[in-house]
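Please find the structures below.
In the two complexes that follow, subunit A is the common piece, with subunit B as its partner first and subunit C second.
On to the complex of A and B.
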């Protein structure tokens, strides 16, 4: 959006000097195919020698642009003749020189190649060609079609004159950079004011478990803005589709929720699903504190201690607490025994089962069925108790060993004293 | 005096000898007991191992898997549809649940959050952030031996 303004000047200046290009897109005989034979051409030759940054930088950037590799030159977007030595001739109207495309033209200009399956197949057979059609369905695309020059177009996200492939870590649309790319506009309160869009999403998202996974753990499968909102077809997910968006990565949680009494009730009330308990952009790591009727619990939004749902929430919370407390105590005691040098592999296996059953019980919370949660928490408690028994046996073993060592030590000292007495006698 | 002291000395010597014998017996017992404990099999499973027999090849048909115990953690040995035998840690890299082999998917699968791993143990779908740890496999006769890599 605002970045377009930043690009207008260099593009215009480049255009004004380049004058080299033939009508690449306007004229069929001098399209991208021809540009491929003369990448950059005299455009780069001249512009790289200029001192003015606004004229030189686009040429410098284009040298590592992904479009330079297949041999597409400046002419592909700006027109003109890249073989002409005379700048005025190169950037003349007779060679189809277009200059800087205006924001309204950019999607279709990029789409003239990127929506052309036959052409794209030559350069990148696996590259999708539906970006333009998706863009035209997006909020950005619809506003752009209505003549709004401030909305995002291709270059707002991908950049211009120095575009990297989307899977290149330097690209502004690489997963770890997407949020900052979107933030350039969506965190700008002044820019967003006419659209009535809040600007706290980026700050909120950066507090989320998803952002932490993406940045701290470099887990590229963790969602960023475009994973939920779409990239080229970017649009806010509606209330009815949010759970489907979450469900693309959390399918079991979604299935269980839809089978639960909440699934139908939420739909009847027109309520969102996942976000009702987990929030939107600032999705925190879920804890058992979300369940129950204590302060801060999600269930409290709809249930009270008097109703069956509220009672079930309390019971589920109690079952989870019992399992996690027992597991935590067992983990601590097993670790203590290991610290004292005991082999606790059997106990580790039991702890593994105890942890796993808690994970399953937490998943079953989405079904909101006490019996199913209880089934898993009971298995967890049983396994944790076995681990506790093994830890107790290990403690006993440590006690026996220490007592035995003390007795042996007494015998040894006593024998030495008696030997000394006997030798002296 | 000599009579008195001669009567005391043997008694005192006998007491010292008896005490000394008891003490030496105790010392010997404190040596023998740990030796016996070492010889007798322990109740607790033995120390972490770098190699374990994971199962029998004849009991692992193509397109199947089997969970085995590898030290304090579960492992999974799979036989691919083409007959290769591979072994991995069975601990899901998402929330440490135990994974299993799904013959219908021809993939390793975690029931907790629907995590999928391919036949090389690489996470291909769902929440697992990393591949499963791979183990070395050696077939000796009908036995499948699994050991840690590196």
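On to the complex of A and C.
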């Protein structure tokens, strides 16, 4: 729900109370006994008949809400008596009718069930119950506790009156939709201005390799906002903890980086870890161009050609270039042989090794040690050269086959000519 | 006396070959402007002989199990001397045999050579074409690659549409609920034992009928044929047939060298079917026609109706010698010429359109 929507809630529900009190509208089609068998009860029966969208839409939305279950329903949040036939009685103080909760109350209202392990077990035994406690530690939760009604609460992300389970693709917190849910506030420059928070994160993230994996490849394991910032306990990761955040999915890179000379140096200088080279929201697909001292290389930020680190960066870049060039040439030549009908499974195995060793070498770049990078690039070049030899052998074999069959072809044509001469004779 | 003469004398004393030699030396083939069509039958036989020879060579290394079939073909193509050539020739020759058989059938149809007394020659020919298609269908699965696996799944699934016995028939073909190693073993048995046995028997009968009844002269060429002296089967026709066979061999050599038959990727029964799977080209006209029929027509399943229609048309085709009474009486039969032209246009058109991707 939008910020504006949240402010309309109390007004809408107040209007609802007045409207449903009118005798012309207070004539539910179902009796109380029948209504009580459904979670919405008479609340839904009446609200669904109203014309005012602000009063009707919540009832419409609630019909596919994950909370539309026996034992829950409107009463769980708003109080009142869903079995009462008379609207005034249903929404009376004696039945505990609370109307629309204000934004400050929402986290604890949701938490009254979602932080109650015993209650939650009855409906969703696997659902965690630490959302409220996490929320209270988040930036959102802290500001909410201080009375800031503009910060996100549960309904800002999950919606209200039409909430889907988080693993439902229609949910606003389904992985592919999280970024747009966060964007409702974090891409709103006016809303973010008082907090001094930039609003380009969403646009930046949408350029990233992570967003492409999530949306183009439908890879739900690719990170979106909450995977780095946390969900209910959302907070920006500190400089010192960024490599741990990235390391949850890239553990080897993190491990090597922390063992590298850069690990300590970056920490001493107060620099971020991964994002120093890869950026943070707009993480592009890393290429070998990040390594070395040429224009655009990440190493150039701290090194130049005069220092040992700069020399090592150039050497690592050269080793990677040799491996990738050889691999690329071998891949092309093997593909060409395959296109001409040769089976090249031995070469495919060598190419597989060459690719894997390049991946390992690129991983070792995080250790910033030339020797370990060289170890893998050498293995890659060796495997790619074997593939090249096999491709050359295949090319030779194609030549031999075609030559042999051309000779056979000539003999056949010669035999045909002789036969034709004989026939004509 | 040379060694060949001595050998002939040895055999003649025991088998009385002289009457056969006499028959062969006097056998003549009519000459007219359509006599080029006589060579397609022989060409089909040539490709069949190539199939038998190359098939026997492949049998030395091929292993008919789901675990080893693909690898054994891979082994043949990479490690067995000239294995790549044998496999490529076997695959190309199979396709050329079916193409040649179709051309032979249509030439016979347009020349009305099926008319009395040659009905049985037509029937054996039709059965041989059906067996050739069976060879193609069963052989397609044997390399156990991805395309063949899924095409066989689609093909065998169609048999389940046959009323009453469909499910049973599909289970018999597959050896279970799905295409598995059991299907491969069955198809292998059918491909290398059952079909060759039936085909050899039918070839013998087909050739026997032709020898017994002589070669048919089409109605429009009777006068011309009478005016021109016949061609001696030995050596004149045999030499010309040899030229045609050599052209077939040259074509095979060219195709095997420049367009070696692809092996593809090993079948994975648990993988999803690749997009746009199609059967071999000679089944395309049926496959695409069945796809064009709506799911349900007048309350009947569309595919079932389509298969029923093809079955009826196939039976009609088989019974043409009995249905075409005018040809039997030696009269012109434009109706059956038109039917043949429509059938040829339909088969060629649908196949071509499918290759052009019109139905994709």
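Here, the second predicted complex is superposed on the first by the 372 of 425 C-alpha atoms of A that agree within 3 Å, B and C clash if a C-alpha of one lies under 4 Å from a C-alpha of the other, contacts with A are read in each partner's own complex, and residues count from 1 in each chain.
Definition applied: contacts are C-beta pairs under 8 Å (C-beta built on N, C-alpha and C of every residue); 3 or more make two chains touch, one makes a residue touch a chain.
As the structure is a computational prediction, the values presented were derived from the model and not from experiment.
A.B. asks: Which partner does A:189 reach: the first (subunit B), the second (subunit C), both, or neither?
C.D. replies: Neither partner.
A.B. asks: With both complexes overlaid on chain A, does A:252 touch subunit B (first), subunit C (second), both or neither?
C.D. replies: first
A.B. asks: Check the contacts made with subunit A and report whether subunit B or subunit C touches more of its residues.
C.D. replies: Touched residues of subunit A are more numerous for B.
A.B. asks: Determine, under the contact definition given at the top, whether A:419 touches first (subunit B), second (subunit C), both, or neither.
C.D. replies: A:419: touches subunit B and subunit C.
A.B. asks: Is A:402 touching anything from subunit B or subunit C once the two structures are fitted on A? First, second, both or neither.
C.D. replies: second
A.B. asks: Does the superposition put A:284 against subunit B (first), subunit C (second), both, or neither?
C.D. replies: A:284: touches no partner chain.
A.B. asks: Is A:341 contacted by the first partner subunit B, the second partner subunit C, both or neither?
C.D. replies: In the superposition, A:341 touches subunit C alone.
A.B. asks: Residue by residue on subunit A, keep only those touching subunit B in one complex and subunit C in the other, then list them.
C.D. replies: In the superposed arrangement, which is not itself an observed complex, subunit A uses residues 342-343, 345, 408, 412, 415, 419, 422 for both subunit B and subunit C.
A.B. asks: Touching residues of subunit A toward subunit B in the complex: what are they?
C.D. replies: 213, 217, 219, 221, 249-253, 342-346, 348-349, 352, 355-356, 359-360, 363, 390, 393-394, 404, 407-408, 410-412, 414-415, 418-419, 421-422, 425
A.B. asks: What does subunit A use to touch subunit C in their complex?
C.D. replies: 340-343, 345, 401-402, 405-406, 408-409, 412-413, 415-416, 419-420, 422-423
A.B. asks: State the interface residues of subunit B toward subunit A in the complex, per the touch definition above.
C.D. replies: Checking each residue of subunit B against subunit A gives 12-13, 16-17, 19-20, 23-24, 26-27, 29-30, 33, 43-48, 69, 71-74, 91, 95-98, 111-114, 123, 126-127, 129.
A.B. asks: Enumerate the contact residues on subunit C facing subunit A in the complex.
C.D. replies: Against subunit A, the touching part of subunit C is residues 74, 77-78, 84-85, 88, 236, 239-240, 242-243, 246-247, 249-250, 253-254, 256-263.
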